[in-house]
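Across the two complexes that follow, chain A remains constant while its partner is chain B and subsequently chain C.
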Partner chain A sequence: METADRHLLSTSVDPRLQRVQRHATEFHLLEQPEEWQTFEVFHQRRRGEHHVHVGSVHAPDAEMALVFAKEQFARRQQCASLWVVASAHIHSLGYQNEDMFATTTEKTYREASGYRLRHKIQAYKQSVQHESNS
Partner chain B sequence: MYGGGYVFCEPDVHGQPDDPERLAEFEARIDRGEKIEPQDWMPYEYRRQLIRLIEQHAHSEIMGALPEGAWITRAPGFKRKLALIAKVQDEVGHAQLLYSAAETLGKSRADMVNDLLSGKSKYSNVFNYPAKTWADVTVIGFLIDAAAIVNQVANSKGSYGPYCRALERICYEESFHLKQGYDAFVALATGTKRQREMLQDAINRWYRPIIHFFGPPDNESVHSKQLMRWKVKMASNDEMRNQFLDAYVPKVLELGLTFPDPELRKDPQTGRWHYGDPDWAEFYRVINGDGPCNAERLSARRLAEENGRWIRQAIMNPQQKFTIPFA
Partner chain C sequence: MNPIVELITKLGDDAFILGHRHSEWTGLGPILEEDIAMSSMAQDKIGHALALYTILHEQFGGPDPDTIGFLRNEKEFRCCHLVEYPNGEYDFTLVRHFLFDHAELLRYQLLRQSTFAPLARFAAKVMGELKYHVLHADSLMQRLALGNEESHARLQASLTEAFPLAAGIFEKSPYEDQLIAEGVFAGEALLQQQWLKEIEQRVQAWDLHLPEAREPLAGLGGRYGYHTPYLQPLLDELTSVFRSEENASW
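Moving on to the complex of A and B:
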């Protein structure tokens, strides 16, 4: 492998690889590669808006998680603030309880759109006008 | 960036059969156009194929950054250098987003990275070809990224929530890749005679890998129908290839450039593009390790892994345990 590697790198069109002088150690996979924690990232675009979940990063601690989050989620887009929280610290209701959000009960009394007045006012105005004409 | 050309694994006959009631519920959800989230029940094959697909997509982003990264120091002019650095950084960022999405399905990032380094995992074939001149970089930035967009836009309408969310962000960034690639491509196409020759040369070199990019024509197996039904596979390889040719062949031809394929033409009746035999045997040869740059790419990736080990170990907290990302 090693001799093959060296040969390859010196014939590469990549100048970075041409410069490499590899030592005669063989590449080996780590049996126990570095396992980092995951952190969920929340991004606030502008002051005054909510922080929105945008994804996750791997990091050894919260400080590094913020560095990676900045690089990953704030390098292009506008950003006012970032939060990270360890994925293990998220509590959720989970989808197995999803049906508790659904309801057969009429809920329009909770919503602004459930109160329609304009047609009543219109009808009232018309009837008043009708009366005054007759 | 990433192409089709993805070869789904054979169905696993040793897998546990799925609970028919839950399977029906799962399929009904997909039929309603709802997304599947990591905490949901999902069929064994759905999880297995998605891990492979997303992992391979992630590896392609990493390996795809290698041929272009090699040209950063030689990019002509400050503006092109800045654009190329930004693009390469985006591609590596895409890999991070995709690894996270794959992890929600239960395979750890360390395992994915090890499978890439050991040569077990595959990645997009197109990155096993060399970028010999600056013109190659403009062809990659324009045409390969354009092809990747066709594929990624299709996949972003799939059924798995975390993959779709990652792709949404990725597609947004890809539009800049395409634009900067087109800009550099047109600069050569409208430049001196020597520049045009250089560009034509690069197109000739990349034509076949580009045709290969979306993979061989799909088979009509029950297996691939199931993957379509589950919205893991969103369009056939031929459909995506046709969509790409339709949009981009005219953009190359209008600049007075040509493709090295006398059979390339659009059938006015069917609207389908016809192309000469692209030698699918070569496609399989390259994907199985015997392409012009497979060994070099893997070697470069291993070198980076070795060189970065000390710092990752220095900042590692040995008490830490991997946790599956939440969403």
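Moving on to the complex of A and C:
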């Protein structure tokens, strides 16, 4: 009986110690293994926060990628939602163009940090406090 | 035995034994992602067992959860035969996981209405994990059943083998009527009916079929302490570290 064959009784059934023997001729083996893709995983900790890229998973399709991503990336931390995107669908401006990101000219005037406002804010706060005290 | 103690013992033992079986795949899963998912679900199951044994300890003055898990005799376990079976190859593991976790999700949906508050509270808490276990089982079953000739044949062979054993999940306890009358649990018969509907629907959609002839007693006995020859070796292995130094604190 095949069932009996499949579950040979032994002292240990842990497959790390003993694998169950199976008749390999029963099935037609695939000539070409199916290709799986990688999916990039984005994790959102709480509603309203950004989804943050946390890594990737192998999966045959997006739904399975979500099933796997849930255990890999949402198991040990709080999670409100997960996204997966096929890695092939990510377009990047890569390292070969890194020089484009460099800024050489002085343009701190375009950045908020270019403005020195702290002393003005403090002066304003003091004046308001002064008024309310008097 | 107190009917509620009997009920919680069997639920805890199912989770404990199946959790151990699932953990036997750790490091050996078919692919990394699936290995992680199966191992993580194994931990969930052990966690369920711990929570249930804790209820026995706190509400009924039973021994502490470790003692319940590690120091009982085989005869005192109330798990069903299905969870005791060796993992076999991944197809059997997967089909068992599918059959068992559908029953588990429905069971805890019923138990949310339990008049025994600690059990109702646990049922509400465990729902999310069980939802995932069912999603995981369904997702893989569907793809493999509709995959190719080999994957379909393997699932069918395992389904033919595991389905009759699954009847043991619903083996009635000696206190069945009392549990129903007191509103503790809606009963195995109702659960099995709901479960069969879910299973049939999916199996049909996936081009699999349930075996026709069923041994009337297949899979039964576990709830009364009569187990397969696979349970004792499992317990020996599972408890070997604990028994090596029983008074150690881990």
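The definition used in the following text is that the second predicted complex is superposed on the first by the 81 of 134 C-alpha atoms of A that agree within 3 Å, B and C clash if a C-alpha of one lies under 4 Å from a C-alpha of the other, contacts with A are read in each partner's own complex, and residues count from 1 in each chain.
Going forward, contacts are C-beta pairs under 8 Å (C-beta built on N, C-alpha and C of every residue); 3 or more make two chains touch, one makes a residue touch a chain.
If you're wondering where the values come from, they're calculated on a predicted model, not measured in any experiment.
Chemist: Which partner chains sit in contact with A:V67 here, chain B, chain C, both or neither? Use first/second/both/neither.
Modeler: Only chain C is touched by A:V67; chain B is not.
Chemist: Is A:T38 in contact with chain B, with chain C, with both, or with neither (first, second, both, neither)?
Modeler: first
Chemist: Touch test for A:S87: chain B only (first), chain C only (second), both, or neither?
Modeler: First partner only, chain B.
Chemist: Under the stated touch criterion, which partner chain does A:V57 make contact with: chain B (first), chain C (second), both, or neither?
Modeler: Both: A:V57 reaches chain B and chain C.
Chemist: Once the structures are superposed on A, label A:Y95 by its partner contacts, choosing first (chain B), second (chain C), both or neither.
Modeler: After superposing on A, A:Y95 lies in contact with chain B but is clear of chain C.
Chemist: Please indicate which partner A:K125 is in contact with in the superposed arrangement: first for chain B, second for chain C, both, or neither.
Modeler: Neither chain B nor chain C is touched by A:K125.
Chemist: Which residues would you name on chain A as touching chain B in one complex and chain C in the other?
Modeler: The answer is residues 9, 12-16, 20, 22, 27, 29-30, 36, 57-58, 60-61, 64, 71-72, 75 of chain A.
Chemist: Can you check the complex and tell me which residues of chain C touch chain A?
Modeler: It comes out as residues 24-25, 27-28, 31-34, 36-37, 40-41, 85-89, 92, 132, 135-136, 139-140, 143, 148-150, 153-154, 157, 161, 229-230, 233-234, 237.
Chemist: Contact residues on chain A for chain C in the complex?
Modeler: Residue positions touching the partner: 2-3, 6-7, 9-16, 20, 22, 26-30, 36, 57-61, 63-64, 67-68, 70-72, 75.
Chemist: Sort out for me which residues of chain A touch chain B in the complex.
Modeler: Per the touch definition, chain A meets chain B at residues 4-5, 8-9, 12-17, 20, 22, 27, 29-30, 33-38, 40, 53-58, 60-61, 64, 71-72, 75-76, 86-88, 90, 92, 94-96.
Chemist: Inside the complex, what are the residues of chain B that reach chain A?
Modeler: 37, 39-40, 66-67, 69-70, 73-74, 89, 93, 96-97, 100, 103, 108-110, 113-114, 117-118, 130-132, 165-166, 169, 173, 295-296, 299-300, 302-303, 305-306, 309, 312-313, 315-317, 320-327
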